[in-house]
């Protein structure tokens, strides 16, 4: 009975969230599945042009569980994680058109330098610099290098640092040091990206590179900060198209385990 | 005793297959290991030029267990899975020269949009469009967008959809939906690529991206549709050169388990 | 007590090694974190420019546990493994400036053709050919195609070949053949790269592509040939920045297990 009430409460929360996101992000624009034109795709595969139009443009990007703004962030994170600057330009434009601000985009790249490797972020810098120039985005629209940080949850940080010290300390003191500062004491506390969005792009990057062992920690963090169960599941759907079905099917059971654990711990 | 007979029968099947494939695909052409010229390779590493010539051109591509046509399909699938458009042009040309038709190539890219992610297929579209233009391949050589589909094995599809619904349904309803249509009810039933070849490129893409957990299902499907044990093993060898030894060594025990299970279930 | 003595002895070995490496490789040059200029990075993310300067240039590359020469080799291996030719040019130059010889660079690419796939090595050939030309590196600076090989440890090679024959023989005879020759009987015995460095780049490539199952064998080999525990741990730190935190956190426990096993087997 408690489970039923919890589920009902959760679905209310979910629908509130979906509505809020929808108002904020749902632009009435048509999302092309790629930077390549439909005519060029048809010149090699009429079927692929059809699948892109029917499944991606008309279905995936208009589906309720995730707002276009969220889908843009997820897709940009996937493309950075997989280092695909060609399509990244296309989806950077779509991100800006669906409600992601230049400041948020800047912060997404900064964040993924740590989670996808510096060279991937550098490819994204090249692409985004050109997009910013063409749109007249200037320095004052960007997050400061050293802003006032969000307040740190001291208890959670103590847990995190003790776990890392215990597990990694005897192996790689350098990794322990950089994981504290700049990673958790600086980057994660920067205010230019909402904690929920920061965790959302981290989870997206992990799914895109098949790093399933580390999805759990970051998905829990995302959901603690407001990502709904329906949104989490739909991130996997979005990843199927942009990072391939095998990565989605690898991630799904991991996401499922987190959802079950969170659901049962609330009963 | 039954095992001996089964093994003998299997080896007959294998040799029939190898002969058929050989007749169909074995062109008397010299396969350069890469788009980079041997002179350019020598300018950085005379040893790598030698290894490429001795191990790849003169040995790998002329080895019996896999026809040049199959090796081309495997290599093209690996390059699309790893998003390497530079060498993809080279091996697209080789594919067309060893018996892969433009229609099959078109269908391989369409298929891998789902298994390697849309952006990887889009890179392949760019490369292949240029190759088709230079060879005068026109629209009438390509598979239709919506052809009559192969008949569906209703029982197997019921099993598949029930398993996916049970495992993924509570997590990601969107993924369940798209996995049915367009993936299994449309793409997999398209007639422009033989079921055996469709599964072969799926397995190749999985090996190339280290997705070992999902090799089993697709390798069984490939072998149900005619891929021999010797061919399966040699796909791993081809992957060693084009996706690196670690991916081959990760895949080999998974392939081995499938071969043992199939062999024992026949006794 | 024996453990204490062993630890003390190990720390002496480590510091000797660090000193030797430091003298050899530590150039007083400032390492930019990427080929992208700091001004261009700032145009998208002032924060990322700051993190690169503070954490990478001023901290990571000047940290004691790994020499700049080693960091260059590790970074070049990571970039080849992840096929990122853009930054590879930048770090190829840094490698040559921090004590990696053209002959060693040539040999690193040759080695990684096998461990990261031929197409990745071919991208590296294009980049390195241009760097060699601009620096006037000519053919006589390169390792021979077929030099006299290092003497083979017959006993270890017997172990290796028996294990591979047992595990892979029934699945892929072709893979067994090429793993013997050219891989272990030729490539690994080439004298142009010290065995310790050859294993170091292999481990780096494995960490960079998330191939944790195969780190153990190669890390043991690296340490048998002189890589210290502190250096091994710091390779993971270097990988965090250039291949992303998730790959570093996947590798750390595997490295930790090897360090513990080696430490306890010495007591």
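Should a chain be cited, it is by its letter among A, B and C, assigned in written order, with residues numbered from 1 in that chain.
Simple rule for what comes next: a residue touches a chain if its C-beta (ideal position, glycine included) is under 8 Å from a C-beta of that chain, and two chains touch if they have at least 3 such contacts.
This is a predicted model, so every value here is computed, not measured.
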Angle of rotation relating subunit B to subunit C [CA atoms, steps of 5 degrees]: 120
Interface sides of subunit A and subunit C: same vs different residues, half threshold: different
Intercentroid distance (Cα basis), subunit C paired with subunit A, Å: 31
Sites on subunit C at which at least two other chains make contact: 210
Subunit A-facing residues of subunit B, complex: 83, 106-107, 109-110, 113-123, 125-126, 128-129, 132, 139, 142-146, 167-168, 170-175, 178-179, 182-183, 186-187, 190, 205-206, 209-211, 213-214
In the complex with subunit B, residue positions of subunit A that touch it: 33-36, 40-52, 54-56, 59-60, 63, 65, 78-79, 82, 84, 86-87, 210, 233-234, 236-237, 240-250, 252-253, 255-256, 259
